[in-house]
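In what comes next, chain A is part of two complexes: it sits with chain B in the first one and with chain C in the second one.
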Partner chain A sequence: MKKELVIIGGGPAGLAAAVAAYDAGLRDILILERDERLGGILNQCIHNGFGLHTFREELTGPEYAGRFIKQVEERKISYKLQTMVLELSHDRIITAMNREDGVFQIEAESVVLAMGCRERSRGALNIPGYRPAGIYSAGTAQRLVNMEGLMPGKEVVILGSGDIGLIMARRMTLEGAKVKVVAELMPYSGGLKRNIVQCLQDYDIPLKLSHTVVDIQGKERVEGVTLAKVDEKGKPVPGTEEFYTCDTLLLSVGLLPENELSKKAGIKLNAVTGGPIVDQRLATSMEGVFACGNVLHVHDLVDFVSQEAMLAGKSAAMYVQMQTKDYDQPIALLAGEGVRYTVPAYLVTEEMEEPVTVRFRVTGIKKNCKIVVYQGDVQLLSKKRPVVAPGEMESVLLKKEMLHTKEAIRICVEEG
Partner chain B sequence: MSEKVLTCIGCPLGCTITVTMHDGKIESISGNTCKRGEVYARTEVTAPVRTVTSTVKVAGGILPVVSVKTAGDIPKEGIFPCMEELRKITVTAPVNTGDVIVENVCDTGVSVIATKNVEET
Partner chain C sequence: MYDVVVIGAGVTGCACAMELSFLNTTVLVVEKEADVCCGTSKANSGIVHAGYDARPGSMKAKMNVEGSAEMEALCARLDVPYKANGSLVISNTEEGRAKLLRLLEQGKQNGVKELRIVEKEELRKLEPHLVEEACCGLYAPTAAIVCPFELTIGMAEVATLNGVEFQFETKVEAIKPVEDGYVLTTTSGEVRAKTIINAAGVYADELHNWVSKKKRRITPRKGEYYLLDKEVGNHVACTIFSLPTKAGKGVLVAPTTHGNLLVGPNAEDGTDKSGTNTSRHGLQEVLEKSGRHVANLPMRQVITSFAGLRAHEEEDDFVLGEVEDAPGFFDCLGIESPGLSSAPAIGKYLASLLKNKLGLAKKEHPIRQRKAVTRMKDLDLAQRNAWVEKNPAYGTIVCRCEEISEGEIMEAIHRPLGATTVDGIKRRTRAGMGRCQAGFCLPKTLEILARETGIPMEQLTKNGRTSSYIKGKTK
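Take a look at the complex of A and B:
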């Protein structure tokens, strides 16, 4: 089989990329999705708050996905469900399998990577103790409650105050469970303020900052967990242990882009984001392969995933139609003081028709600061921010006319 | 005189806002850094509202539950009564996005509607 564009993943990123590629003129598009339906993780995110930027209204996850699925159906873009991609080769041959077709290959002129991310597991945290039942990632619990109609437990402790953990604290409470405490290793929560208020404070669930789980009791089933305060280096402070009886421990301790396929294909990855290194077209180091959404870097808002994915879809279409190519001297975009990473990581000015949105995350909470962009010693722009936080993605807009040399560009957070 | 302390949800700044009340009336609002904070605090202390999202059981569907939401905000104290009512309900597949699951839930004047499609098995 040959295809002009194959999109790996039918979640919010894959759907938006497909729609944008179609609208840019491509017709020979195929989406490969491993789940039973399109929509990805949004199908289990039944809370509201999605779509404020894209649709100017507050939607639940399934509704937001539904809008994009409708657009895909209206355009008659083809997709295969329950289809697992096994390999992406250097010359863009995709090996996949499903029950109807068995193992099959597709020669793709272009590829959009939209595989999303997965949750960091208990193994990645090195919590000692037995391996009893009752320990779930927050996302697994979310799937059980919201899609399978099953409750994982009755008395719950949550480790990690990312948004999924906060959302699940409320969800389990509404379904009759007692959520005893949410513990967060950092001195601040990675979740949105709105979720702290509406998911924890509304239900009097305590949030313990600078705390972690140091022990899990129970052999067959979780019987309780011990929390302890941590010092500035994140090490537990002896004597601060507190025991909580519970039958369930939920982990909401971070998301990791799912790049096994990209790695195996030899696509260059960024060590900080865990996602491919891309230019402003979202082109990866492998020709004709583009990336967007949580496989590129973990987002907090699906609206930004959709925006980014539309760019990837459009870029893939342009690649197929005009065979846009690589250029010798891209301009590097560097994470300067106070910045963890930037996406894209470089700019190909020859292809820079429209202003480029550079998304990035800061290293820590900072009040009354400014975001400053330099090229060499020249300041390109500066904008004041009342507050920046690692949990909220930032962005700046760069235009071609700002750039006069090929020197590297640095984004920094400075005192306001 | 009573004091209520709130965290503003308007932006990541998350100002701590103190509202002083006297005989159920607002005397002063302090701690906010913008107008949005004041508006938020005023609604929060007088008539806080929330959108409720949950699931209800489905018979004969490809999923055992369908996600639902209140079509608008309901008073905050209505959250648990609303959950109680939803727990008693089983709908029959197919269910479509926007289908009314409960009309005027707990006399709030707000309906509970489905937020996804659940096809028949």
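Take a look at the complex of A and C:
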């Protein structure tokens, strides 16, 4: 089988990429989705708050996904469900498998990676204690509750104040469970401010910052966990232990872009984001392969995923239509003082017809600061921010006419 | 009345059960957990030791050398992953050389083949990631790695195919001698047996002490491990040991048969025989010791950590055979390292003792082989397509990290001694053993298990008893 564009993943990123590629003129598009339906993780996000930027209304996750699924259906873009991609080769041959076709291969002229991310597990955190039933990642619990109608527990402690953890604190409470506490290792929450207010404060669920789980009790089912305060280095402070009886521990301790396919294909990854290194077209280091959504870097808002994915879809279409050119030396984009990473990581100026949105995360909470962009010693732009936090993605807009040299560009967070 | 009741369905109990199943006899295996391979057998290094560690003349030495010599052929018959990867005991100082030479000599006395000392240059070639200081090592090409779950399950399945019965979630609470044997009081009722094999792991001393005046004492010696992602599974090729100390062989770094990297264990004596919890200080200790011989261990790639308990007996040797003052009661006691390596030999040895004791004859045509659950991932394209054609469930991936299909999970459930728990599925297929640690596949696995067994969702467990996942339906 040959395809002009294969999109790996039919979640919000894959759907938007497909629509944009179609609208840019491609017709021979195939979406490969491993789950039983399109929409990805949005299908289990039944709370509202999606689409404020894209549709200017508050939608639930399935509603938001539904809008894009409709667009895919209207354009008659083909897709295969319950189809797992097993391998992506150096020359863009995709090996996949499902019930109907068995194992099959597709020669793809271009590829959009939209595989999303996975949750960090207990094991990766080395939380000591027993290994009983009742320890779930927040997303697994969310799937059980919202899609299967099953309650994973009745008395809950949540570690990590990422958005899924916060959402699940409210969800479990509404379903009659007692959420005793949310503990967060960092001195600030990793989730959105609005979720802290609407999911914890509104339900009187305490949030313990600078706390972690130091022991899990229960040989068969969770019987309780011990929390302790941590110092600046994240080490538990002896004497601060507090025991909470509970039958469930939910973990919302970080998301990891799922790039096993990309790695095996030899695509270069950014050590900070865990996602591919891309230019402003979202082109990866492998020719004809683009990336978007949470497989590229973890987002807070699906609206930004959709925007990014539309760019990836459009770029893939342009690649198929025009093929590659010989580009000049690209301009590097660097994470300067106070910035963890930037996406993209470099700019190919020949292709910079439109302004480029550079998304990035800051390293810590800072109040009354400014975001400053330098190229060499020249300041390209500066914008004031009342507060920035690692849990909220930031962005700046770069235009071609700002750039006069090939020197690296640095984004920094500065005082005042 | 059974000819033999085996207490404990770990690797030792299952090896005994399999060997006995080749004889004309009636055997029942009772196990307090919900499945085979739930104690020490599931939480160890998975190493087939060459056999140089044990004191010459000891049962440990004899069983280890015999067991490991047989392991490869046994694994081939049982379709169990096995890899002769070799092992290296490393010394970072010249002073350690004398100890290596003593081990070499001991190995020769025990009958270990191909053992030799390797020098720095060859060490580097064998293992490019060794630390700069590593100056000499004892190389044992006959050492290997094996999948401990599949070995135990494979032996248990063969035993089942030959008529051995297994009774799970059955804890033995008392054993009384009667005229023609023993009466066992269990949580599932009374069982009568002519003879008993005590393969109860860390609890074997308690059972022994019920029937014998010569008291035994087993100390649960905890070992904690890290398991690392397959991406870094080839950081070392051989199993890398430190020079042994009194507490054991120390923290090792080894690949697993499935391509992960294993780092551990420490050794800490305790009192709680079900205390398989990891601890901050234990994991820290392993971390500190892990880098002694292997440089740049990618500890950021840890996917899980776990602890196992060694059944350490005071006399520091395996206690195998009929108890002097309890005729018909046979001990397999103090089975710590090299217990896994020794299991095939222990099984044979115990079966031969029982054969003599009960005057048993060999079975005419016992089944000696089994096929493991299909491993789709290891098949080529055409073979995989043949499976999907036969049953489309083989085309649906459930565990994406380990690429395990729905068909494989169904197979694990519908086979002799099939899985009834989520851990049972995990140990038979690897579903949920990968880097996301079942984050994605758990709901789907529960659904398949409920559908295939007819057990309601709320009653499905991780590993039996009260380890249920679901606490009811939503509002």
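The rule is short, and it goes like this: the second predicted complex is superposed on the first by the 413 of 416 C-alpha atoms of A that agree within 3 Å, B and C clash if a C-alpha of one lies under 4 Å from a C-alpha of the other, contacts with A are read in each partner's own complex, and residues count from 1 in each chain.
Basically, a residue touches a chain if its C-beta (ideal position, glycine included) is under 8 Å from a C-beta of that chain, and two chains touch if they have at least 3 such contacts.
A quick note: this is a predicted structure, and the numbers were derived from the prediction, not measured.
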item: Touching partner for A:46 - first (chain B), second (chain C), both, neither; value: first
item: Which superposed partner A:148 touches (first chain B, second chain C, both, neither); value: both
item: Partner chain(s) touched by A:89 [first = chain B, second = chain C, both, neither]; value: neither
item: Partner chain(s) touched by A:193 [first = chain B, second = chain C, both, neither]; value: first
item: Which of chain B and chain C A:363 touches, first, second, both or neither; value: neither
item: Chain B versus chain C, judged by how many residues of chain A each one touches; value: C
item: Touching partner for A:102 - first (chain B), second (chain C), both, neither; value: second
item: Contacts of A:349 with chain B and chain C, given as first, second, both or neither; value: neither
item: Touched partner set for A:122, first chain B, second chain C, both or neither; value: second
item: Overlapping contact positions on chain A, where the chain C interface meets the chain B interface; value: 145, 147-149, 174-175
item: Residues of chain C touching chain A in the complex; value: 226-227, 231, 274, 276-280, 282-283, 302-306, 381, 384-385, 388-389, 392-393, 395-397, 400-401, 403, 435-440, 442-443, 447, 457, 461-475
item: List of chain A residues in touch with chain C within their complex; value: 34, 82, 84, 86, 95, 97-103, 118-119, 121-124, 126, 128-134, 136-137, 139-140, 143-145, 147-154, 174-176, 214-216, 219-221, 236, 247-248, 260, 263
item: Residues of chain B touching chain A in the complex; value: 6-9, 11-14, 33, 50-55, 57, 63-65, 67-69, 76, 79-80, 83, 97, 115-117
item: Touching residues on chain A, where the partner in the complex is chain B; value: 43, 46-48, 58-60, 62-63, 66, 145-149, 174-175, 192-194, 196-198, 201-202, 367, 386-389, 391-392
